[in-house]
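The following block contains the structure, expressed as structure tokens.
Chain naming follows the written order as A, B, C and D, and within any one chain the residues start at number 1.
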């Protein structure tokens, strides 16, 4: 297969490197309007054929796959053009800026039997795959809450607020791990520097008395990447900044014997052992590339496909509407 | 002065110990309906005179001060009776369960020239006093956001949710540190075990584009006590679980040159040195006792008085209303 | 039983408190030459009968047990007088300053059927008891090395160096956990401030290719309390400053297929899961008091008896000799 | 200049990458006997000219510099041949396996006016350069002790023990930072797996009552990289695993008023503020390359030259002799 990567800024070179090292990919092409980016790629990966003309990608090189790593606002027109020219597409997160755009892209792909891969890259990390395994095995019992903090200093995006940038990761992870329906969303936050919010708190109400919260922040002096998952049986902590103990499972919990009015004697705290499973260190992006290629060869949906991308976009849209309306509650259908 | 402590459960013995060790206090009395608590106090502090009759406190012992460390719902009737019998009062946080109750107590105290001390104990810790000093000196510049996490496993309260229990601490700290007016509040969360919320996220909008968020949780497998304060000049992290480096000030920040449409070239991240000031280790409660006694002797308001207690209760009331209405925005006057 | 505590400085009050709260102890007496310490004890524990005359302890009060919490150099004369007056003795660590003294005390006690309890207090902590259980069960396989770091700022002792103060703890723990014979000892270090060493590194060679090292330091800017134990099957980390995860067991190791000259292909690293067992939080001193009382009642040796105290003193003596001779190797018989 | 890198295993590719990105280097050549390593380099750096014939390096390519990244035992013959063929040499640490070899290489280089660069790479890190600056400014006062821990699981070397591998780093850092003369050395440790020690404790006595200790260990379940430096004025902690706060300076210390016999009243502990300077993140290796090229152009010794390499080898030799003789004290001239 031949793959073309459009957008060679921050993330694009990682796509180039991973496509280059996959045996199924015969040739990698690169496209960017910025000549200095083309020079950079040429110096690091001389075997990549480069162009600053997007039209070459659509018609010139007989590409099988176009990977889109450009700013969010351009995902839709580039993806649409690629699909209409018969290319499978790989799109960076978030899939699109509007859910209608995502739906239209899905429809075109379905009609032409092309595959859409949305690069929810955390889904392919060893840690998230291990947590999925733990949850699916029922180790935690029923999930009661999910709490995520993703804060650090920088990198501001020009075109979107912190929700579209950072929360896109967390919502894709949540959607992968927690198989419950989202009912309502509310988001709060602040834009301290210019018109895009740099801090956001997103609250998600699920059916079945389950609740999630995300704190995303571009302006924190320290970096935190931590998820708490509370289950009826056990509780889990995922700290992505830990080197070797990213996941900890606590055999801890609360038992309440619900005789009215006498709670204090009947609340039992259980603090038990802790267990930290080994996490596979394979680079997530290389597994994403394998999954996409296999999906194309097997003519099936990849694990992170257009429908997953659409679900994430819907939640991002709702959160963005809510934060601009001081936490107005938004229903999700 | 003679002081009586009513309520000898979890916190009352700490009051007894600190009143005993203050030179201005001649005699300490204790009262509880639970005989086993009286026995416990007798074995540890044999010099305390004990009773299970609240009336003795009002009339029998000629007390100057009554300290109230009973469940929240009983604060108002006990405090009212004490004031009406001419006693200065010390009340555990939160001051009362309703703002009208707090207002009535303030009025009685004013009329009779009695002092109310509300035990917002964190205000007297070395760490919070140091942060106050840093903020007042203008080291951080203008405060843009305040973010607090206070989570652990247990202790459930019978009569109130996690907002009235844990967030009372954070709101008193916030009110002490940030001298800006609160405009609106919204709270989200969940009650996983019985009818009181065990997780709450409280969002506070201040005038002047400042925002605060509190995460309080009784059902976290791990304990976290961390505050981030973002200023226009510097940023501060307060981690109360650190042994010796509770406060860290980061000479870090973001500068934005606001020429329209060219954000990326103009966003500057500054990551500089960090500084951690030494924090005084004196027990907060002993300083609170000194402050209250001095306020009585000097016939002035103590640092944490009825008005401070009232402000905290108003915010707790608003947050409690909001969380029971899925984050409905509440105006604060 | 009636118990008298001599030496009411830093540690003595903890002994008083724990003897007071044990049901088998009818009355507690205290003795110190320093009147301000007697006043301190009187204000906190009014039920304790106090004296500044050591003779009263030997003859006056009909004591069953004398607990000695005075400086190391006085342990021997006080303990000898107590035993010769028919008292069971509790002695703080280190047992004595010379091994001959320890041997003499053991002999007197044996002749008169009195019990000696040496307060190797860490043996009674939940963490050390749990590690013992893990080692005895064979979870780690054969122990290959034991490495301990115990450093912080202060408290200098007047009469001894950092070996006699801090390493006494570590050697008692090591002796309890590792049932192998010590062959040789060498110690290095420095006295930066006065004639007692403030830093020491103690190296212990065991039979069976096992090695231990202790780093003790009174002059470290940060506090570290960490033990690594390397076994042929698994490895253990004990961090006493961790709040809830003091013990971590790593399913990690090295396998070497010993074909000469081709090591690189045959060294296998195994990095597996980690497991952290819950640790009992009961105060060690209260368990020590129970053990001593039971040993007296059952007429048996307590878990930490004179022989254990002697073994620790022998190693401390050897280390002290070695450090004063720039690491001269000392044989242990 | 034209540079040839011999040895393309673990570290060699980093040399290739850094030489490639330096503007003064016109062409990079690579040499390894292992064809799979040549293929690896070809796929990643197609512009590098490759050979499996060492003779080509000496005669064929007209090289200015030969960089040697092969196993320690081969450093001497390769370096000697390179110098005798008129090449400047870059040698990985440790410089040689015997001090006589190092001396001979220095002599050849001197005679032919060629430069020797020994890759003590930590000297070029932002952290070590910052510590040097702090020490040279006298912020810590006089250095009393230096304590370093460098432990983790793997990588075993085939040909040398843990001293030659890991301690080589620490000794080069120590020699750079502490400008005092080493007097004596003793090392202890154990070989648990085969005939090379996997754990070593190296004790170094300096003139002027200063002491250093290194703990290096290939078989620790956890990774630790921490240095404590105790000065008469302040103390420093360097934790290389910290992401952003690698260096912490504690305004803490001990003051002793030396009136004989009354130590306790006169020992003063001072625990003050802590300060963490920002550390430059530039890749050390790129700065090393620049330094070497400048030294050649300016006809001067580079910062880490043959004499520095020799000093480190002498200490390694002494430590290796000592560890094989159970800590026998070795004098250093």
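Going forward, a residue touches a chain if its C-beta (ideal position, glycine included) is under 8 Å from a C-beta of that chain, and two chains touch if they have at least 3 such contacts.
Just so it is clear, the structure is predicted and the values come from calculations on it, not from any experiment.
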Third chains touching both chain C and chain B: A, D
From chain A, the most remote chain by mean C-alpha position: C
C-D or B-D, whichever has more C-beta pairs in contact: C-D
CA centroid of chain B to CA centroid of chain D, Å: 53
Interchain centroid distance [CA atoms averaged], chain C/chain D, Å: 39
Sequence positions of chain C contacting 2 or more other chains: 222, 244, 271
Chain A-touching residues of chain C, taken from the complex the two chains share: 244-245, 251, 271-278
Chain A residues within the chain D interface of the complex: 46-47, 222-223, 241, 243-244
Complex interface listing, chain D residues touching chain C: 144-145, 147, 149, 151, 153-154, 156, 158, 184, 186, 188-194, 199, 201, 203, 205, 209-211, 213, 215, 217, 219-222, 228, 230, 235-237, 248, 250, 252, 254, 256, 258, 263-264, 267, 269, 271, 326-327, 329
